[in-house]
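Here the chain labels run A, B, C and D in written order, and each chain numbers its own residues starting at 1.
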Amino acid sequence: MADKYKCAILGATGAVGQRFIQMLEGHPWFEVEALAASSRSAGKRYSEACKWMLEGDMPEEVARMKALDPANVKGADIAFSALPAEIAYDVEANLAKKIPVFSKAKSHRTDADVPVLVPEVNWEHMRLVDVQKKLRKTDGFITADPNCTTTQLLIALKPLEPYGIQSVIVTSMQALSGAGYPGVSGLDIEDNVLPFIRGEEEKVEYELNKVLGKLGKSSVTPAGIRVSASCNRVNVLDGHTECVVVGLRKSPGIGTIKKAMSQFKSKPQQLRLPTAPDQPLVVLNEECRPQPRKDRNRELGMSVTVGRVREDQVHSVKFVCVGHNTVRGAAGNGILNAEMFKALKVI
Amino acid sequence: MADKYKCAILGATGAVGQRFIQMLEGHPWFEVEALAASSRSAGKRYSEACKWMLEGDMPEEVARMKALDPANVKGADIAFSALPAEIAYDVEANLAKKIPVFSKAKSHRTDADVPVLVPEVNWEHMRLVDVQKKLRKTDGFITADPNCTTTQLLIALKPLEPYGIQSVIVTSMQALSGAGYPGVSGLDIEDNVLPFIRGEEEKVEYELNKVLGKLGKSSVTPAGIRVSASCNRVNVLDGHTECVVVGLRKSPGIGTIKKAMSQFKSKPQQLRLPTAPDQPLVVLNEECRPQPRKDRNRELGMSVTVGRVREDQVHSVKFVCVGHNTVRGAAGNGILNAEMFKALKVI
Amino acid sequence: MADKYKCAILGATGAVGQRFIQMLEGHPWFEVEALAASSRSAGKRYSEACKWMLEGDMPEEVARMKALDPANVKGADIAFSALPAEIAYDVEANLAKKIPVFSKAKSHRTDADVPVLVPEVNWEHMRLVDVQKKLRKTDGFITADPNCTTTQLLIALKPLEPYGIQSVIVTSMQALSGAGYPGVSGLDIEDNVLPFIRGEEEKVEYELNKVLGKLGKSSVTPAGIRVSASCNRVNVLDGHTECVVVGLRKSPGIGTIKKAMSQFKSKPQQLRLPTAPDQPLVVLNEECRPQPRKDRNRELGMSVTVGRVREDQVHSVKFVCVGHNTVRGAAGNGILNAEMFKALKVI
Amino acid sequence: MADKYKCAILGATGAVGQRFIQMLEGHPWFEVEALAASSRSAGKRYSEACKWMLEGDMPEEVARMKALDPANVKGADIAFSALPAEIAYDVEANLAKKIPVFSKAKSHRTDADVPVLVPEVNWEHMRLVDVQKKLRKTDGFITADPNCTTTQLLIALKPLEPYGIQSVIVTSMQALSGAGYPGVSGLDIEDNVLPFIRGEEEKVEYELNKVLGKLGKSSVTPAGIRVSASCNRVNVLDGHTECVVVGLRKSPGIGTIKKAMSQFKSKPQQLRLPTAPDQPLVVLNEECRPQPRKDRNRELGMSVTVGRVREDQVHSVKFVCVGHNTVRGAAGNGILNAEMFKALKVI
């Protein structure tokens, strides 16, 4: 199709980069035009530069492409970035002079003029890119995804917003793919739990408030929710599991909450975006669900699954949620963002 | 040694029963006299009745003993019970007519006249057995351990008691051995987390308050702490990991809390009981500790290891603790109980 | 579609039974009509009788069906059986009086008049059912699949037949799902290898020779290949990995062998059967492939993947093969058998 | 003790280096004097340079020592080396000018004048160091261990030598710690098998023949056994499992072989070396043993455990063996070597 947007994938060899490639295969609006990776990989064919970790084989047309240095990306209409934080800041800012950059890197999340977006949760924040373009005098712009742990949590929390979310206590059991590749050593995780993920708890606490915050003229006012996160790594390949306790100003009761969650739909569903799940939030009633292995791929990994919604003894309500961290929590969220910008003719 | 107490192990073939046998091998005060298991195993040699799961081989002298029906246990001075709940109630009550029964089963924990004991935490509650003996007109008595999740949590919380514990929010990542043998199917837990353990959350909420409660004339008044537990099974062999958020009436600050924890000693340490750890609570400062595989065997599994003690954004303090669920959380706690009763000449 | 064959699934709640249900969903020729399980499950809805282990949810129309006692199955045109061996013999023989039974159970594999079939390998043996029907005076018949370990091995060996297979030494690393559900305890397999699977090595040695044997008038003459199997259980969910050493009368060289393997096609491919893989045998050249997690689902689990094809220092050639044990090695092979019988108008 | 030998540990921060430190703690003859690691670690305290992977905490006195550049090691009487192959060759050769170097690195194994030693198997080869010292005009010398896979295999095979070993077909299922740290990514090994370990199969084939070879005047004549190895990585922390098929000139029968194995003792046992296991080879009769998790620590990891000894259908005999790859297969074997040299007054 002649008029598909040409996409550059930055950080194409990593765990999230591979998901971008997998999810863009056969995409109706976007096609992969350029692959950028570390300077070490630059110049090699993708099939040589990348150790493909996903099931099955890497798409053939991509295997043949050459990996570029991120600085040399040209000819793309938009870029998806899964660059390591240490190089993402400058590379993304440079590219954004010309084209829209949908970034999974954490580097720009705290910039006042960069929206952190989960399309179902705060699509209205996308207007912040207009401010950004004016301020930075760029043709393109940057949007950021929250980190994976926060993304799925936000989708689960959004239907509770009308009841006044005052506090969130979340304990995560996060999958290996969240640490990238090679990431966590088998010697560290086998028969073990790692009770610390650098920077993760701070990100949850900050990003949750930015995404649920109020969009002002040129920035977002954080929501002011007290958030306490305890982040752990467990021996699971994909899919983060989170035990969540929520304090509400006034709880409507468990029945109403479950109904609000399972009926939750938002802009991406109204727009029927290609990557949007029919049901962003699926509520299960089985006593031992959701489970990462069984629920992470619901709606191709774009749905968040919630279970064990029940009264809490200290705050208002508690539940468990599972989401696919490299799909819903990373590549899929970025693509959905781009689709929304296109559907609303912002790009 | 002629005057060692002769012990019966009830439920000898299970995960906890095996730990009792392992921990009593070479014990200075106690020796295994009788093994009781399900009626299916009764009459068989222990080596045939039991699939030994622990590292190394089963002790030879035990391997040769015959498994008895629990109803036929005779000649023991005391009994340790790891019976399944559905048969423990009657078997233990019967045996307690004659001899002390130190039980890991949940059956009698809610009896008003049965103390639920963690020697370092509420050793004074042991006096409740006098009430029990009078009421029940028995020569023996029953004491109960809390469930494994609560036991290690109680040891970690005890030093915080002076600061007024008001609420505890705990998310556990529990080991496979806590579900007994065969317990959890490999097909369920590989590459997965199970977010539900039947009855466990209720036990934590009830037992924590009973153990920290106030001993009255003939029963314990629960402590009145609001407790919220979320219990998960993860792919770890031994050692429960718990992320804990605590609300204190008045927090003394992290430094004081860490000091109180690492200096915590109690009755079993004063009495120098054979199975007592020198340090019931070890505080680590490394950013990614405790970990179940690396810390579960500290002091032969009798210490609880705490780490990541830090301010909490919603309540007062949060930390991670790891304990060996079948040692500190089961067999070891029961043996330590019996040692204390003997050292204080109650038995 | 009015003229789909109505199928009964025997042993419907187990690991293989669930695969049958999953693979028959939307099948163009077959539809599930009846579910039979143990007498314990009989009478319950399938959704209550079965703990669904596969990813995603169980098909809705199946969830609503009632599980029957195998003896009460009626109205089916054909049956697929994944019954436990101890009850399969009689149940299958009874059903086969009326309808064709495609069985994964081991019970009838050693019957002289029952063909053990891998459609790509020995489809000609299907004629044995005519003998069987005459001998047993039945309207239906029984065919058996080999066990999972042997099935994938046979597909990998078939292209080598022209070079005179004289000996096969196979060491398997088998997945958990091969032991059924709940099957292997997590406490046994975590951080471990189990070097024994009851009966498996004998099955490989016997069944390999029967499938590659010569069909005579009323039975199969075994092929006379010396087979040595060492079977191990490893901590993998699905997909058996096998290291194979083959002695050939005359080796044509590695290049020719790899070509023969990757070009291998057979009757199911010629007939374009719905479940037939385009390529029954895929040869990879990467140095560290095949791997069970990455290759087990090739062509929906129906292809066997081979790698590391190289000269052997003791015999002729060695290689590694991976196949999906509950798809290619069980349910999928049975369905492919039934498709072949239908396509060739035997049923 | 004033006259303990002062030891340098080269490659002290890695998986094998840590085992050297752990096994030398409290050793009666040897004490750690110097720790050498990569230039990146040089100058740091060991507690900072090393991520301790073993259970429990690192020994305190070692934690305080400074890591040196291997070129700067001084004042040691002997050295144990676990250096990466790429730097081991020169560093070891340099040190050996002055002191004995017991090396786990592969670099010098193929040198004609360097003995590859398993004390129980070919202790007589130690005389080769006299040749080496003359040829190289050094005061010290180098001895090498075989790789871990071969070491345990050699111990299992040695008692079969009288029956004429003609061929060995071995399929290994190797533990993660054999790949060093961080080594294998959790994303690669979880729910998976890796059927390739670079260089391993060639090492087994070469080293087995050198160790079982005949010592001549200035070199070893390889034994001439045809060896076929297939090496796999499985999700096990420690302990290699090997399925072995052996062709003997004349098999004495399974009973005799099992007896020969379980009665096997050699020089280290006669000399009662501190690290020598009482029984280098333990034969189990249980149908599902040995298992790496249950048997790897037998006699502190220095025994090899054998099971499933049975007739083979293609060659003579087959069995399974398990050994601790970083103890018996690495650090422990090196220490045992040094003990033997000391006991026999070669050092």
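We adopt the following convention: a residue touches a chain if its C-beta (ideal position, glycine included) is under 8 Å from a C-beta of that chain, and two chains touch if they have at least 3 such contacts.
None of the values given here were measured: they were computed from a predicted structure.
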Higher C-beta contact count, C-D or A-C? C-D
Taking each chain's centre as its mean C-alpha position, how far apart are chain B and chain C in Å? 47
Dist(centroid_CA(chain A), centroid_CA(chain C)) in Å evaluates to 41
Touching two or more other chains - residues of chain C: 190-191, 235-237, 293-294
Classify the inter-chain contact topology: is it line, ring, star, complete, or other? complete
Touching residues of chain D toward chain C in the complex: what are they? 167-169, 171, 173, 190-196, 198, 205, 226-228, 230, 232, 234-237, 241, 243, 245, 247, 287-294, 307-308, 312-315, 318, 320
Touching residues (chain side chain B, partner chain D) in the complex: 55-56, 190-191, 293-294, 297-298
Touching residues on chain D, where the partner in the complex is chain A: 15, 53, 176-177, 181-191, 235-237
